[in-house]
Each structure stands twice: as structure tokens, then as C-alpha cells.
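Alright, structures below, take your time with them.
Here chain A shows up in two complexes: once beside chain B, once beside chain C.
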Partner chain A sequence: MLAMVLLAPMLLWIVAFFILPTALMIWESFAERGLAPYAAILTSPIYRKVLLTTLKICLITTSGSLLLGYPVAYMLTTCRPALRKLLLVLVVLPYWLDLIVRSYSWMILLGRHGLINQLVVGLGFSEGALPLLYNLFSVCLGMVQILLPLTILTLFSAMLRIDLRLVDAAAIHGASRWRAFLTVFLPLSLPGIYAAGLLVFVSALGFYVTPALLGGPEQTMISQTIMVIASDLLDWPLASAAGALLLVVTTCLLLVYSRFFRLDRMLGGVAR
Partner chain B sequence: MRVGSAALKGVTGLVLLFLLFPVLVVVLISFSSVDFLSFPPPGLSLRWYRTIFSDWQWIDAFWVTAQVGALTALLSTLLGVPAAFALSRHVTRGRGMLNALVLAALVTPSVIKALAIYLYYVPLGLLNTIPGLAFAHTVSGIPFVVINVVASLAGYDRDIERAATIHGASPVRAVFGVTLPIIAPAIIVGAVFAFMQSAQELLIAIFVLSTLQKPLAVKLWEGVRVAIDPSIAAATTSVTLLVILGLVTVMLANRRSRPVRTVAHA
Partner chain C sequence: MGLAAPGREDRRAAEAGVEVRLDRLTKLFGAITAVDEISLTIPAGSFVTLLGPSGSGKTTTLNLIAGFLTPDGGDISFDGQAVGAVPPHRRNIGMVFQSYALFPHMTVFGNVAYPLRMRERPGRAHLAARVGETLAMVGLSGLEHRYPRQLSGGQQQRVAMARALVSRPRLLLMDEPLGALDKKLRERLQGEIKQLHRQIGSTFVYVTHDQTEALTMSDMVVVMHDSRIVQVGSPRAVYEAPVNAFVADFLGGANLLPGEVLARQHACYAVRIPNGEVVAVPHLGGSLVAGSAVTVFVRPEDIRIGASAASAESQVATPAVIREILYVGEAFRVTAMIGDQPIVVRAHRTEAQQVEIGRTVSVAWPTERSRALDVTT
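Our next item is the complex of A and B:
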């Protein structure tokens, strides 16, 4: 009873400003032309290409974030408390900075006359400027940088629950540090890898600013396409249908996530 | 073994460099003395901050963002804190669904939220209103408050609250007088995060509030694609300074509550 009273305002708010609008969007996608918008998206080669590109970018970004984030999360788990505090502040710092700023700075760094190209040409590694911007590389680089804090914090909060004495036990029984890591720590950290991977993948699906600023036409992602359909073509049923399809994918992935991982473990490192 | 840990330190350092270097670049460029983007800047000056803060369009944008963000943070706190209490103390059944709902409110792509809220607001007349944008941003702000407060309550010793009740406080008074002050830092962190996500959110802002008033995110977005001088860097760094101000507030709040917490753990 008390629980309902405490929960009701939040639930009503989420229903009024999230569930109902989303339901209206789904209704809008069917209202005018039935299933035609869905058929248009799923059969058109253009939209199919966008979907594949989005999937490709999200997979690369998720793998990249996990590869770069894992060592940092491991360092956080095993280092002294004083160093851990400092590292956590550094990891969370860019998380607080504007999304647009972070992509903008890559434009400055990777551009034709940017710092990287000045170095490459100045040191004689290449004759002319390298095409570092407006391609798959720059989009994934920018997205990994933005998603790394989330990856590291999710991995870290999962690794905190691993009993490090198990690794010591393996070492006492003659395993080298590396072998103890491979046979004991790494398998125990797999749930964290799955959780972080899932969360980063879902977050990557909705990216708009980074591919728009750092990518070329070949790197158009689904959010950009939906924005173009809605605000340039003004085709609301088609935009709604694309939105509904994206919603189905993210909701399925989220249900898998919340089935296996608890909410209060998220962002755990941020609070304290 | 020594080689292993040296390699780990090296990799961690490189990843942190990758994480923080772009941030440093923008901050330095914002103090540039020349009117083109060059890094490192040939000289330092405050001219781009003067440009930003003498331009009414930018000042308006700051003001719109401050209003929307403050309302979002307030609503997220008022709705999120009671829900966090219910989630961590009372609800046993349906917890999985509630978790999924809060998570969905957080990570559903904002293009979906933007499209849906636009279609929804047209008949309601909430388009081009500051509360309208804040109401929509509150959906993504609530999860930050809930997650932080639930995590804080998990580490909170409820016996202190019981002690207050035994000494004659009503349950409501015990929560307001004892529990809330102790978990206040988590509430503040949640509220600051709710503010930040509102200030950074672009797509809902474009749909709901773009014709009359422009929040900072929309102004930045338009600027990034046309401006080739460092004024954008100054504007974004101003946002960053705002964030650091928020961080300092949180840290001070943390420090002030520490004595209480030590008592709690004694």
C-alpha cells in the first residue's frame, strides 16, 4: 500500500510523458497507411543499408569500448583505494561534458590541418594529410570515447563482486599471474562483460550527434535517418514506423539486461 | 609479474589519455587568441568569452537551459526519491518490471522520445514551452535520481532510523529528520546528473523548443556546423565550468555530511 503511494507519482509521470507518447507514435505509424511504412523500411535498399551500417558501427564501438575499458576496470578493481578514488574521478570527468563538445574536439584533432596530421606530416610519416575525418574510423573513435566511462563503470561494479582471494589461491597453487587471470578472474568477470556490452550496444544504437559530425554519408545511422524523414520529408508515419522498429530492438535488449542484471548496480561508482 | 603490472599501468594511462585529451583540447582552444581553430593555440586570451557573453543570443540560450534544467532536476528529485524508497524497502513483486521501466526511460534512443513527444504535444499545446521541454527531460532525469538513491539506501544502516522511532519520532519524522539528511549527497548527485542530461539533450529540444527560444544544446549544435572560430569552444567550456561548479557543490555537500556518516558507522 505504502509502496504504491510512493511509486505512483513516478509511474504516472513515466506513463504520461513516455509510455503514452510512445504508444501514440506506434499508433501513428499504422494510422494512415497500415503496414506500408514498415514494408517500405524493410524492403528499401537505402533503409536496409542504414540498418546494417548502424549495426556495424554499434558492434565495432561495443567491442572497442570493452577492449579499452577492461584493463582500466581491472586496474580499478585491484589497485589501492587512494589511486582508485583518483582514477574514478578521471573516468567520470568526461562523462559530465557535453556530447557535442566531445565530437567537436575530434573535428579539431583529426582534421586536415589538425594536430594528428601536423604530427604525421611534420615527422615525415606521410607526404600529404591523412583522411582521418568523416569515415568509419572517426565515428567509431568518437563513439568509443563517449561510451568508455559507462563501459568502465559497469565492468568495475561487476568486478568488485569477484573474490580476489580466488586469484591468490590459484597463484599459491603454482599458476603464474597471467594464468591465474586467464583461468580464474576472466571467467568470473564474464557477467560484467555481458552487462557492459549489452548496455553500451543499446546506448550506441541511439547515437545522433557523433555520426553526424564525425561521419560521412556512408556512416549514416538510424537516428539521423529518422530525423531526416521527420523534419525534412515530414513523413510522420514513416518516421514513426522507423522509430517503432528501433524501439522494438532496444526494448528486447533491455528486457534481456534487466532479467539478468540489477538496476542499482548501474553507475554504482558514480554515487560514491 | 612486474612486467604485467607495468603493462597494465601503461594501458590504463593511454586509455585515460584518450578519454581526457579531447576535453583538454577544447578547453585550451576556447582561450585562443586567434580567430581560426589551431591547436595548440598560438596565444591565449579571453576574447571568445567576451564574444559569447556580450551576445544576447548566447545569454538567452544559457538562461533557457538553466530554467529547463532546474525544473527537470526538481521534478526528477520529487518523483524519484519516494520511488527509490519504495524500490529498496517495500516492493518485492514486480521489481523486475519496474527496473526495466526505469532503465527504458534512461536508454531509449532520444530520437524516439523526441518524435513521440512531438506528436503527443501538438494536441496538448505544450510545444514551444519551457515546462513542456522540462516535463519530457524529467523522464530521462528520474533514473539518475532513482539509481543513486537506491544505491545509497542499500548501504544505509536502518537501525539509526529505528533508534529515532524508539525515541518517539513518528516514522515520517524519522525519515525526514534522520534518513534524508544522511542520504542527501546521493540525492544531490542524482539531481545534478538530471540537470546535466537535460542541458546536453539535443533532439527533444530541437522538436519541442526550436522556433522561439533555443536552449544551449540547440545553439551549440547549429554553431558547430557553421562556425569555424573558437566561440563554440568558449561556449562549451562555459558549460563545462557550470558542470565543475555542480561537482564542487556535490563535493561540499559530501564533506558536510561526512560527520553524520561517521556517527552512523560508529
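Our next item is the complex of A and C:
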């Protein structure tokens, strides 16, 4: 009973600001022209391309965040408590900077006349400026930077639950540091990798500002497209249908993922 | 527990216990000295227990031997070879951890096979044979495909033993391996561990704060207190001839009566005890002078009370007032007052029936069962 009372504000919040708007959006997509907006989107090669681009960028971003974030989280887990505090502050620090400011900083660094190109050309490593901005590379770079704290903190909280005596047990029974890591720590950190991967991927799906500022036309993501349909073309049913489809795709991914995750748990690949 | 007849390989292993030598070993944690210049030789093939209360440095010592910690001073050597620069995985040690530290993502087979996979490159058949043999040794055959979380505490303990033993290490370290188990199981496993030690012949170093465990299992007990070694000796030596009040008390119920040395005679001190009487306590070469404060030590089971106290010879007998009689199952625990100091007697049923609370009776103990402990050590 008390639990229900305590839950009520959150449930109300979700209903009022998430479920209701989503329902309205879906209703909107059907209201005027029936299934026509869905047909338009599913048959349009442009929309399919944008969706594929979005998935590609999200996949690269997720992999990049995990690859860069894992060593940091590992270090946070195994280092001395004093050092851990300092490192955690450094990890969280970028959160204090506005998203747009961070994207613009990348533009200053990566642009045709940006810091890096001036150095590279100035020192004679390259004839002309390197194409660093407005491409897949810059979009993924910007997104990884923004999503890295989330990745690291999720991995770190999962790694904290691993009993480090297990690594000692591996070492005393003949495993070098590297093999102890591969055979014990890494498998036990898989739940953390799954959780972080999922969170980062889903967050990346909705990115709008970063691809708009750091990407070219080729890197147009689904959120940008929906924005254009809604605010430039003023075609609300079409925008709603695109939004609803994104929701369906995301939900399907989540379902497949959670199934895979639970399967893994059944096989025993989870820390205590 | 099923015991396979020792083959040629087993007998070779039996000769292969390692001698461990600690030389002025020191470990600091910040400002705290966890291990303070301890020196100790652990004979090859022996069963040695580091015994002490928590914080006495025994687990730190074990972790130094394992190589998990780097000493801040002193040396460790195995068979005369310094191992300071050898990482844990090359020390060829087996270890049973306090919470077992079994790999939760591996089956029993995977856990026990782990040291073999890391140390050798065994063929599949060889691996299965060695793991099966070791599991049979600890009585766990048939559970190969279970995960640790599907096992009882006792079974997990045996898996941990099997993992530690499977590669026939010359040194086995055990960090309170029975701490999490109930009393009955603990006693059974004590016997099994002792048996495994006899069978394998490796050097066993066992850490515990349980004095019964230390006394029943060890060839040699190392009593630690405040980061130092207080006494090293056989279980009988540390129990019956403790060097100071701490050891006397830590190894089991000890009566420690404050007294004053009146004279040093040819074999004994004459000591005044709290009821004003003067008793004889062997000096065993001690050099306390008249007037020194001393603690008279005697075990509860060495004291007789009432009528049986009067009979024996070469005894100390002194009056005491009965304060409490407790039934503890196999015996009675009688508390009597010698002056203002309580003395605990472990009394047989017949003895206990002869005494009453409030009565003054005679308590007696054989002189040679008592010790004069210097209060300054």
C-alpha cells in the first residue's frame, strides 16, 4: 500500500508526460490519412537509408564507447580509493559542459582550418587539410565523447560487484595477470557490458544536435529527419508515423536483447 | 572420503613439500604496521597454523607468502630461493580462500581444472582424469557439472580444496577455510584436511583464529599478536607451556592468578596468591627475583576440587570459596574465589556433586601443571 502511494507521483508523471504524448502521437499518425503515412515511410528509400544510417552510427558509437570506457572502468575498479575519487570527478566533469558547446569545440578542433589541421599541414605531414569534420568519423567521435561518462559509470557500477579475490584466486592458481583478466574478470563483467551497451545504444538512437552540427548530409539521423518533416514540411501525421516506427524498432531491439541477456544468465555467465 | 592408493606420482609429490622461510618480514599499510619483522621457518611437508585474533597479522603474512602483497622489509624464501621477485602465478602455490573465491561462471569441473589449464597444457583425457581423481579425493565425484551457487557451503569448501590441490602444489595456503561452516561440518572437515595433508605431503600453512582448529590439526602452531609472533611450538607446547598471559588465554580457558614472587628456590618460585597463601610454581630457569609481580597460570582441567583435591601428591592445595556451578554438558564449570580472584575448574560430575555454592573447599593442582608467567612479556 505504502509502495503504491510512493510510486504514485512517478506513475502519474510517466502517464502524463510519456504514455499520453506517445498515444497522442500514434493516434495522430493514423487520424488524418490512415495507414498512408506508414506506407509512405516504409516504401521511401530515403527513410530506409536514414534508419540504416542511424543504426550504423549507433552501433559504431556503442562499440567505441565500450572499447574506450572499459579500460577506464577497470582502472576505477582496481585503483586505490584516493585515485578513484579523482578519476570519477574527471569522468563526470564533461557533464557540466553544455552539449552544444561540446559539439562546437569539436568543430574548432576538427575543422578545415581547425587546430589539428593547422598542426598537420603546418608541420608538413599532409599537403592539404584532412577531411575530419562533417563525416561519419566526426559524428561518432562527438557522440562517443558525450556518451562515454554514461558508459564508464554503468560499467564501473557493474564491475564493483565483482569480487577481486577471484582475480587473486586465478593468479595463485597459475594465471598471469592477462590470463586472469581474460578468464575471470572479463566474463564476470559481461553483464555490465550488456547493460552499458544497451543504455548507450538507446541513448544514441535519439541523438539530434551532434549529427546536425558535426555530420554531413550523409550522416542524417532519424531524429533530424523527423524534425524536418514536422517543422519544415509541417506534415504531422508523417512525422508521427516516423516517430512511432522508431519506437517499434527500438522496442524490438530491446526485446531481442533482453532475451539474449537472460539466456546468458541461464548459462551462468553472471556475477553473484 | 575415498582415498586412492598412492601411485608413484603421489609418492614423488610427498617428498616435494617446500620449506618456507620468513626473514624479518615487515608489511606496512600507511602508518599501520601489519606485520612487524617476523622470522619463521616452516619445515618442508609440515602443517603449520598461524593462530591469532583478527588484526594480529596472520592473514597479511599469508598474503605475503602468496605474493599478493609486497613486503616493505625482509625476505621470503622457498627452499632457500628468494621469491620476492616471483609473481603469485609462478610461485606454484595452491590456496583455499576464506570465502572460497570459486569462479561463479565456471562449473565444478571448470574450477578444479583451472590450475591445470593455466600451469600445464593438459590433453583433454589427462585433464579429465586429474580432475576426476582430485574430486574423488575430496569426496565430490558426480558434481562436475554443477555451478558453485548450486552447492552447499561444505561442498563449495571441498571444491576450493580440490582446486587448490589439483596441480599438486608444493605449498598449500589456507585462509580460515572452515570459518563459514557449522561446528559439526567443521570438525569433520578438519579431519579430512589433516588426512589430505598426510596423503599429499605438501607444506600446509593454515590461518585461523580458532584455537581448537589450530591444536587439533597442526604440527606446529605460530601464535601471533599485534603483528608479531609471540610463540612457536607444538600444539602441546603452546597449550601447556604458554610464554605469556596472552597465549595462555588465547589457547583456551586459562586461570591467570596475579601473584608476587617471595623467593626463588631450587626448582620453584614461592609465590603469594590472592588468598594470602604461598604456593610453589616451577621456575623452569626463569630469573624473576623476590618482589616481582607474576601471573600464575593453570588450566581449568588440571584443577581438582573438594575431596579429590586432598588425595594426590606433589600438589598445590589452597582454600577457595565456591561462587558458581554451571552444567556444560560433558562436565561442570565451577567458579571458585581465591581471595578476590576467580578460578575456573572443570569438574567431573562426582566432584561437582560434593560442592555447594558459598562453601569453602580445597582446590588443588599438580605443581608441574602450573607456570609462572612474567607480567612484562
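Everything that follows uses one rule, which is that the second predicted complex is superposed on the first by the 249 of 272 C-alpha atoms of A that agree within 3 Å, B and C clash if a C-alpha of one lies under 4 Å from a C-alpha of the other, contacts with A are read in each partner's own complex, and residues count from 1 in each chain.
Everything below uses one rule, namely that contacts are C-beta pairs under 8 Å (C-beta built on N, C-alpha and C of every residue); 3 or more make two chains touch, one makes a residue touch a chain.
Treat the numbers as computed from the prediction; the structure is a model and nothing was measured.
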*A:I172 contacts which: chain B (first), chain C (second), both, neither?*
second
_Applying the document's definition of touch, where does A:L136 land relative to chain B and chain C: first, second, both, or neither?_
neither
*Quick one: classify A:L59 as touching chain B (first), chain C (second), both or neither.*
neither
*Once the shared chain is lined up, is A:A36 touching chain B (first), chain C (second), both, or neither of them?*
neither
*In the superposed arrangement, which partner chain does A:D163 touch: chain B (first), chain C (second), both, or neither?*
second
_Going by the contact rule stated at the top, is it chain B or chain C that touches a larger number of residues on chain A?_
B
_Intersection of chain A interface sets (partners chain B, chain C)_ = 176-177, 268, 270-272
*Using the touch rule from the top, collect the residues of chain C that touch chain A in their complex.*
66-68, 87-89, 91-95, 97, 99, 101-105, 107, 114-115, 118-119, 147, 149, 163-164, 167, 173
*Which residues of chain A touch chain C in their complex?*
163, 165-166, 168-177, 179-180, 183-184, 187-188, 268-272
*In the complex, chain B residues that touch chain A*: 1, 4, 8-9, 11-12, 15-16, 18-23, 25-26, 29, 37-40, 75, 78-80, 82-83, 85-91, 96, 98-105, 107-113, 115-120, 135-136, 138-139, 142, 144, 146-148, 150-152, 154-155, 186, 189, 193, 196, 199-200, 202-203, 206-207, 217, 220-221, 224-225, 232-233, 236-237, 239-240, 243, 246-247
*Residues of chain A defined as touching chain B within the complex*: 2-4, 6-7, 9-11, 13-14, 17-18, 20-22, 24-25, 28, 68-69, 71-72, 74-75, 87, 90-91, 93-94, 96-109, 111, 113-115, 145, 148-149, 176-178, 199, 202-203, 205-206, 208-209, 213, 222-223, 226-227, 230-231, 236, 239-240, 243, 246-247, 250-251, 254-255, 257-259, 262-264, 266-268, 270-272
